[in-house]
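Worksheet for the structure shown next.
Per-chain residue numbering starts at 1, and chain names A, B, C and D are given in the order in which the chains are listed.
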Amino acid sequence: MIYLILIFFLLILMLSAAVYAVVQKDLLYAVIATGVISLVLTAVFYMLQAPDVALTEAAIGVALTTIIFLITIRNTKRHEDDYNKKDNLKSPLK
Amino acid sequence: MKKFLVILILAVLGFHLFEAFSGLGLGVTRFEKGVKDYYLEKTVSELHVANTVTSIVVNFRGFDTLGEVTVLFLAVSAMGGILYKRRHQTGDRSVLFSSSSIVRSGSKLLFPAIILLGVYVFIHGHLSPGGGFQGGAIIATGFLLMLIAYENFSVSHNTLSYIESFAGIFFVGIGLLGFMNGGTFLQNFLPAGVLNNLFSGGVIGIIYVMVGFKVAAELTGLIYTILHEKD
Amino acid sequence: MVGSPVLLIAIPLLAAFVIPLIGMIWKELVRIIPGLVLAYMLILSATLLYYVSYNGTIVETIAGWQAPWGINLVFSPLTGFLATLMSALGFLVWLFSYRFKRNVDFEPAKKYFIFLMLLIAGAIGIVITGDIFNQFVFIEITGISAYALTAFYTGRNSAEASFKYLMMGAMASSFLLVAIAILYSQLGTLNMADIASKMHTMNPTYKIIALIFFITGIGIEAEIFPLNGWAPDAYTEAPGPVGAAFAGIVVKAGVYAIIRMIFTLFDVPGAYDFLIAIGLITLIVAETSALRQEKLKRMLAYSSIGQMGLVIVAFGIGTHEGVFAALFLMLNHAVIKPLLFFSGSSLVFNSKKKQIAEMNGLGKRMPLMAAFFSLGAFAIVGLPPFAGFWSKLSVLSAAANEGLLLIIVLILIVSVIEIVYYFRVVNRIFFQEYSKEQSVVPHRPRINAMVAMFVLAIAILIIGFYPDAVTGILHNAAKDLMNTDQYINNVLQLGQSLTR
Amino acid sequence: MDDKLFEILEYGVYGASILLILIGLYAVLTKRSLIKIVIGMSIIDGGIHLLLITIGYLKGGTAPIFSPGYEEAAAQMVDPVPQALVLTAIVIGFGVTAVALSLIIRLYRHHHTLEIDEIKRLKW
């Protein structure tokens, strides 16, 4: 019972993270949201009795993918468009 | 306008996909004697590998895994070519964060533990969840941590490519050995051992360790390549 | 037996892992080993094809697990024919580009031959594997090598072309995975023969959904009309020999995958008509686009897409003659288009813009290259004594036997378009005056490139004057594709096991 | 109560994975930023992986790993095949993503922008 409700909660969290990742103009937050999707997927895989896949997703999806996205953003630019130039200066990545 | 069109197309697509999957039922046994049952039976009775996913990945569908490590190898090589610059400035690396001393000493402390965990995961790939991919990826995260924390931490590119090549050669070589011993490619030619022992499963454990080395070297090389990129 | 089909995949992969090590000892080996491997693959596949045409299909199991459970490789007259064709072309592409960027310190050049070798190994894998997920893995191997080769030059356009190709390729692989998920959830198996034997139990609606996902996924490799946006850019921006490899090898693998799906796996009514429809649309759109192109390689790329459309139309006729004609077209295209790419890229080698307008009067400056190019042009439009004539004739006669008049008319119209744009180039080469303003300086290809072109030219002439040299193999292959039951039997019951 | 929830879950999990695929496709088809397109790609991948794992799930099943003394437990195990496929697909997807991102870095080097409209020189 509590297990099923937890899965529901996770799925809803995952979908909202996905929507957030798509609509967010700030690419840094979008990438973090993508990482959240992977993190939730890890939990869901574990609950669906796939520990091998959960381990892989945790190492590759959550850590490595997020990091290479971050490096790319660091080397290119942070915003989807050039409207918020001011914000760009405050970037913790710079 | 374009967005509406896209949403319309996606709605149609989603409807049909949902139609194809909703009739399936969740968590029901779909096939009386499917491929699954055969694998579950043979992994205990013939291969003596406790983790069925490992026996599928390395043995039943080992060819896929060979292709997969090749894909990673290709990805690393391709990135090296794509990010190549004529005037080669080495030495300066883009720094993700200017890390504090807490991060530094923390990484130093964690690094051996992460490597150990990775090695444990791929050595016990045939007994417990995990294996070459997972262990390799975990080791790569350890190196990633060090690369982020220490600006002058560097991995020898040659060493990585040695490890990668040797692991790859071993993988294909073991496959060819099985082939030459009168069997087929990737066939198990070592004694299978006892289920749930460390030395069980014949070549499966060896191949998965090789995959672990290879994946670790490839993923570390991949991150190293992209991290070295600076405008 | 000299070997087994698995070596066609295992040896190139082994070589790919060995080359980085050996390259540290002597750099030249990085160039030589891929050539040796490709030559070995050519010899092996040709011998196996010879063996197969007398003794029946070889089914090779991997790791000792029989067909529905393990992965298996099927080396039949059809797949063997394609594998031989691909390794032969691969060897010629290697030969042509052997001295490519040899004396320049150019980092990607060291990896060029590894990518080329794995591109060909991946394409052969797509053809000979008997498992859909394994096919997906090989499609990814081919894809990543192709992206890397497209981004070979460090210019801006090549990266863009490569990114476009990668985007479409990634979409394709996602769609393929969805299709695999549908099939696995419905049938519980991944083996092609097993799927084919169980397909009748599947709900027709799901079947069509899965087929659409499959065709969208593979259609990107096969350059079907709405999905071929990547092709002209990739062909234009990639080095010349790579364009030849794409046209001759990668596309063939994609077409094979579609054909295997429709002929063997899915028994969907109307699939053949669907093939004819998409083939005709691809043909017409591509050929009319080719007419408007100003860059030589871009024109060749559209022409190649058009030829693939014609191949798909011929397969869609669905009879033995149709399949035979389609295979004949594939063979001819694989022989002629590389020659056009090789000689064309030599003709515009020294020009900045690679445009057709710059080719005025090159016939006198580079007579041999111009002769090769015109030979290829004559052959591909289907002038009588050359190779292309026979294949086009067999398509027309196959369509006539089925009473498909519309197809005949359209193919004839398209042939006229083809003649117009190829002869426009030939006309410029031979009958226009060379002007000083043109930047093109004659370029003399090296001996290895000349040999590669000579081989292709001789092949065109042989097929043209003596088509019976190949029709036997093609008839065998066509028979093999049409006979679904035999395929299922061969794979699932190991009708003829491997004797070593 | 539990059964009813489980029934809803059936539609929930399939629906969520398909929605994830659609959200990703939407991003790929409409977004103008190259990085957003690659993010969309990885969202699609996640959806497909969840879909495959869901197909293999068995109600009340255990992970397909034999522990000592439970060698007869095969009947209650979830399907290991989709798990193996997803394992392969995750690694392949990561490789493709990495290549895509390095191409983006190179495009940015030449164009100093990530907008697809400004980069698009070649005709479609």
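Following the convention adopted for this analysis, a residue touches a chain if its C-beta (ideal position, glycine included) is under 8 Å from a C-beta of that chain, and two chains touch if they have at least 3 such contacts.
Model, not experiment: these values are computed from the prediction.
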Check: Which of the two pairs, B-D or A-B, is linked by more C-beta contacts?
Finding: B-D
Next item on the list: Go ahead and note the Å separation of the Cα centroids belonging to chain B and chain D.
Entry: 16
Checklist line | Where chain A and chain B are represented by their mean Cα positions, the distance between them in whole Å | finding: 21
Check: With chain centres defined as C-alpha means, what is the inter-centre distance between chain C and chain D in Å?
Finding: 30
Next item on the list: Report, in whole Å, the distance between the mean C-alpha point of chain B and the mean C-alpha point of chain C.
Entry: 31
Check: Of all residues in chain D, which are in touch with two or more distinct other chains?
Finding: 6, 9, 13, 19, 21, 26, 51, 54-58, 61, 63-65, 81, 83, 87-88, 90-92, 94-96, 98-99, 101, 103-106, 108
Check: Going by the touch rule set out above, which residues of chain A reach two or more other chains?
Finding: 51-52, 56, 60, 64, 68, 71-72, 75
Note to self: Touching at least two other chains at once: which residues of chain B meet that condition?
What the structure shows: 17, 21, 24, 34-36, 39, 51, 53, 61, 64, 68, 71, 74-75, 78, 82, 129, 133, 222, 226, 229, 231
Margin query: Strictly by the criterion at the top, what is the full list of touching chain pairs?
Written below: A-B, A-D, B-C, B-D, C-D
Check: In the complex formed with chain B, which residues of chain C make contact?
Finding: 4, 6, 9-10, 13-14, 16-18, 20-21, 24, 60-65, 68-71, 107-108, 111, 114-115, 118, 125, 133-134, 137-138, 140-141, 144-145, 147-148, 151-152, 154, 159, 162, 178, 182, 185, 188-190, 203, 205-206, 209-210, 500
Margin query: Which stretch or stretches of chain A touch chain D in the complex?
Written below: 1, 4-5, 7-8, 11, 14-15, 18-19, 21-22, 27, 30-31, 34, 37-38, 41, 44-45, 48-53, 56-57, 60-61, 64-65, 68-69, 71-73, 75-77, 80-81
Item checked: chain B contact footprint on chain A (complex, rising order) -> 51-52, 54-56, 59-60, 63-64, 67-68, 70-72, 74-75, 92-93
Note to self: Touching residues of chain D toward chain C in the complex: what are they?
What the structure shows: 21, 28, 34, 37, 41, 44-45, 48, 51-52, 55, 81-82, 85, 88-89, 92, 95-96, 99-100, 103-104, 106-107, 110-111, 119-124
Notebook entry, point to check: Which of the residues in chain B come into contact with chain C in the complex?
Noted result: 16-17, 19-21, 23-24, 30-31, 34-36, 38-39, 42, 59-64, 66-68, 70-71, 73-75, 77-78, 80-82, 84-86, 158, 161-162, 164-166, 168-169, 172-173, 175-176, 178-179, 182-188
